[in-house]
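Here come two complexes built around chain A, the first alongside chain B, the second alongside chain C.
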Partner chain A sequence: MEIIVGPYGMQSPHPYRRPHVELYDELIVHAQRAEELGFDGIALTEHSFWYDGYCPSLLPTLAAVSQHTERIKLVTGALLLPQHDPLKVAEEAAVVDRLSGGRLVLGMGAGYRPEEFLGHGVPEGRWGARLFEAMEVVRLALTEGTFSFHGDFYDYDKVSLATRPVQNPPPLWVCAGFADWSAKGSGRRGWAYCTTGDVEGGGSIFDLYEEAAIAAGHDRASMKRGLFRDVLVMPSEHEVTAIAEEDFWPAFNDQFLGFGFLKRMNPDGEQITELPIELKDMFIHNPRNAVGTPESVREQMKPVIEMDLDLLIVRTIWANFKHERTLRTMETFANEVMPHLRAESRRRQEQER
Partner chain B sequence: MRLGLLCGLGPESANDGYESALGQIDEADRLGLDFVLFEEHHGARGCPAVGSLVTAAAARTSAIRVGAANRQLTLEYPTNVAEDFAVADIISRGRVVLGVSPGERKAEFDAAGVSWDDREESFREAVELVRTLWTQGAVQYVGEHYQFPLEVEGQPGWRRQPYTPPFVDQWRRGQAKPDYLPMLPRPVQWPHPPIWVTGWKRDTIEWAATRGLGFRCSSLETDDEVRTKIGWYSDALEAAGRDRTEVDVALTREVFLAADGDEARERALPALRDHVAAIRAEAIDEQADLAIMSDLDEQALLDRCFLVGTPFDVLDRIKSLQADSGVTHLACRVWLPGREHFETLECIRLLASQLHTRLVA
Partner chain C sequence: MRVGLSWDLDGDDAGAAWEHVAGEAVAADGLGYDSIWVSESRDDATSCPSPVLWLTNLARQTNTVQLRATRRVTRANPVRVAEELAVLDVFSRGRAGLAFAAASEQGVPAAQVHETLEFVTHAWAVDEFRYRGDFVRFPSHTPDDAPRGVTTPQPGGTYVPQWDWGPVTPDFLAITPKPYNARPPAYAEIGDDETLAWAATRGVSPLVVADTPTAEAIERLIRYREIADAEGRVRAEIEPVLERRIVMDGRGDEFRFGGGSSELIDEIRALAAQTAIAHLVWRRSSPADGDLLRFASEVQPMLQA
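And now, the complex of A and B:
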């Protein structure tokens, strides 16, 4: 199991306004620290046209990180592929893979905010279909010498990428939430699948994925499972409360509605503009977050070990997490939780053998 | 005059070339050269993803400007380019230059599925769109080739979001269909990173001047052709009521320096011959009437195009171009395929020690 820290979005939200130059400098500091602490990689996340300057260009940013790190994988989690030209993404991926000496991991998602599609000249609708088609273009471009592709959305005739990646190809992942179509679609096509878990944060979504994969005749060994998991871990209860109250909840309060997941109306029939305070506890304490001291987080991560993951993206950062605190979370996780996770997942693998 | 480098890093150099090129840029940064540009191509002699090279170079250096020589904006939706270079400007703390070009190889457009015949019109719209996104907040842009956001209608051009209550903040909006969007984060430089237009047609050059954009003359023109083209640019600039101090005028040259002139020529020529052959093989309509494409022999190329020789040999020619045309930036293509890393480094050191102070002063 590879353990990745992130994903970083370089946001400067209302509760914690920062100059972007500092955020990008800090990203490099965090990447170097993650490398020292023994993480396998660092992940970035993208959105466009978001008010807090959410990072819209992952591959150029990873190119910068590649120059200050030596070992860790550089993960896009996720690059919203339908909002880019897939051929361009393949070319950029090849160059970043070259620049990093073969450390790129390309996680790709569909995106879900209509304005992001429209702002990039992509019509609304059929995002999933676009994602899978575009991923096929990226895969062909990175693996085949010359390829042709004729689909509903993309059309290429005898195109070849002259600049080749170091890895052949870099690992390609579908990064998705918990929608059925993503699990089934990834399985059917035999793509590696990284998810936020099912609605309860559990691994049942992987059953759906494997069913579809086996039905399509894919080998069980070729299926790869990835998971995003929020982790708020600090050495003491007091610090856990501080990060949950001062960083995590304000982040959700500020960000969540804008992503359009919560369709709730005020009594006057208007869409709500503030998160209902009664939801606070649900946001902080739910099975999708591991919150607490190292001891308790180790306990909460047990179901994650049982998912037999290939990739675990440990989310230690949201929009307004303070720089120092995030580093401390990362350190606590790396020293107190990660060795346990690695040992347990090794033991399970050996048992299976 | 500012002095910098131009790197064309093709697939032939992708293996070890990126590492040596970045090493050369480290050296140029350390020695105080002013800028480095990367050439975009999707085949030989250029990197297909200049945005990533720019941020990588920016992350390694502290003072040198970094940028694209000829970003071909229309090969993808221009919003993505605006975002990439905004992030690059942030990572570099305001050292980015965006050189843009309407297109240089038909095959590249065919591969990307973009119309070659419309390249000029869509290029102009793309430049306007990028500049609008960089400088405005929530904005819409209506053009024939591009709309931002897609499907907005109205008069051609850009306009800001009017304040019409009830105003809904972006972060409260959720999944609404937008008429106006802000591109964020915005670049650090004010009002925006310099945009240098590369073009060969008189139309393109005059349009760049009218719009107050910089101009980068390619390395294909002879010294006299450079004077003519910068003359067109200056005239159009004046006609538009603009001043030369508003804009940058860059010139690109193949450069090779050594302490001994004959030795410089001898060592420079093999790589230059291949370079010229490649240029001639893929000339497009706009470049067809340039002297380099037909009747220049080797001696003429050395005398009128390339800057090869001792630093003092080339200094006079540069000074005369500076005096006649007011060239503000000289981009030197020092590395070519087949040229050794140490030769290139040595040449960069000569540029910095022998020419830089004399030209900047």
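And now, the complex of A and C:
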């Protein structure tokens, strides 16, 4: 199981404004520290047109990170592929893979914010179908010398990339939430699949994925499983509480409302501007999150080990987490949780053999 | 006059070619060159299809040198062009700039280049906006009866910040993050008469590339200057750029400057007096063209004095 830290969004939200130049400087520091601490990779996440400067350009950013790291994988988690020209993504992916000596991992998602599709000139709807078609274009472009593709959304005739990646191709992942269509669609097409888990954060969604894969004639052993997991871990309870109260909750409030996840209205029909307080405990202690001291988090991560993952993206940062706290969380996880995860994962693999 | 370097990313092996150019770029930064320029190309395996990405890789390897990418509008979403350059500008703390290749070279209408450049520069400089052109429409649901070009929301009503929007479909959007520099430099290659006149009228800085014969380059830059002067453009707002090949101690020709240091100084200064160029870019073909340290020591100071 590869353990990735991130995904970083490079955000400067209104509850905790920061200069973007500092955020990008810190990203390099965090990537180097992640490498020293033994993480397998660092991930970035993408959105466009969000007021806090959410990073819209993952591959250029990873190109910069590649210059200052030597070993860790550079992961897009996720690049919102239907909002891009897939051929252009393949081209840039080849450049990053070459600049990094073959360290790119390309995680690709559909996106969901209507304004992003409108801003990037992509018709609304059928985003999942677009994602899968675009991924096939990316795969062909990165593996074939010259290829043609004629689909519902994309049409290419005898095109080729002059610049070739080092890896043939870089690992390609579908990155999705917990929707059934993503699990089934990924399985049917034989794509590696990274998810937030099922509605409860559990691994039952992988059953859907594998059933679809096997029904389509794919070998179970070739299917790859990945998981995003929010982790708030600190040496002491009061430090965990500080992150939850001062960082996590304001970030949630900001993004969940603004992104339109909560379509709750006030009695007068206006959009609510503050999350109901009863949701606070529910979000922070959502079963998808591992929150607490190292001992507690190790216990909460047991179900994750049982998912037999190939990739675990440990989300130790949200929009407004403080630089020092994020580093401390990363270090606490790396020193006190990650060795346990790796040992248990190995033990499980040996048992299965 | 500012002095920069640009490269042909030639070679048998992409890794070696890119590494060589990156090495020269880092050396140029240390030697006090003002800029490095990389062009988008897809000729062979050593080409650079994503110059902005390539320069972002170098951004923190360099400290002061300006980072300039020459892009094509084909296979480019203008929104992505603006977003990517902004990230380069943030990483480099305000050293990014963008040039657009000539329309005729790309086989597209000149207006497509003009609209893209206008869109991108506004995307960096303004907050929420929309754009309606023949080639660029942002966001895509901008109605046909919207005014042409850039429009911004009319003030009125209670301002609702984006984090309180909830599920809405806005008519205006902002490109984020903004570049570190509020106005990253933008240039138009003036290989086409239509673009030459448009750029001079609008005060867009002109670029003449190395493949243009020197005599034609001079004629184009003079014509640009005349139109710009007639339009009331002041020299402080325009940065004319001339890219030339140079062979130190070699023979010049209709495309290249050649000669010893003093001959090069005389030739370049005479040309600058004629054309008012503010930026000379040395197009590097091979290390045999001349030593970067020697040029920086013997020629560059005389051009900047």
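Observations on the structure shown:
Note that in this section the second predicted complex is superposed on the first by the 353 of 353 C-alpha atoms of A that agree within 3 Å, B and C clash if a C-alpha of one lies under 4 Å from a C-alpha of the other, contacts with A are read in each partner's own complex, and residues count from 1 in each chain.
By our rule, contacts are C-beta pairs under 8 Å (C-beta built on N, C-alpha and C of every residue); 3 or more make two chains touch, one makes a residue touch a chain.
The structure displayed is predicted, hence computed values, not measured ones.
After superposition onto chain A, the partners chain B and chain C occupy overlapping space and clash. Of the two partner chains, neither chain B nor chain C is touched by A:D230.
When the two complexes are overlaid on their common chain A, residue A:D155 makes contact with chain B while staying clear of chain C. Once chain A of one complex is fitted onto chain A of the other, the partner contacts of A:D85 extend to both chain B and chain C. Contact with both chain B and chain C is seen for A:A64 once the two complexes are overlaid on the shared chain. Of the two partner chains placed by superposition, chain B and chain C are both touched by A:Y51.
Within chain A, the residues touched by chain B in the first complex and by chain C in the second are 10, 12, 14, 20-21, 24, 28, 48-57, 59-61, 63-64, 66-68, 84-85, 87-88, 91-92, 95-96, 98-99, 114-115, 117-123, 161-164, 254-255, 257-258, 260, 263, 271, 273. Against chain C, in their complex, chain A makes its touches with residues 10, 12-14, 20-21, 24, 28, 48-57, 59-61, 63-64, 66-68, 84-85, 87-88, 91-92, 95-96, 98-99, 114-115, 117-123, 161-164, 254-255, 257-258, 260, 262-263, 271-273. Contact residues of chain C toward chain A in the complex are 14-15, 18, 42-45, 47-50, 52-54, 56-61, 75-77, 79-80, 83-84, 86-88, 90-91, 93, 137-141, 161-170, 173-178, 180.
Considering their complex, residues 10, 12, 14, 20-21, 24, 28, 48-57, 59-68, 83-85, 87-88, 91-92, 94-96, 98-99, 112-115, 117-124, 155-157, 159, 161-164, 254-255, 257-260, 263, 271, 273 of chain A touch chain B. Against chain A, in their complex, chain B makes its touches with residues 10-11, 14-15, 18, 22, 42-44, 47-49, 51-56, 58-60, 75-77, 79-80, 83-84, 86-88, 90-91, 93, 110-113, 146-151, 169-178, 181-186, 188.
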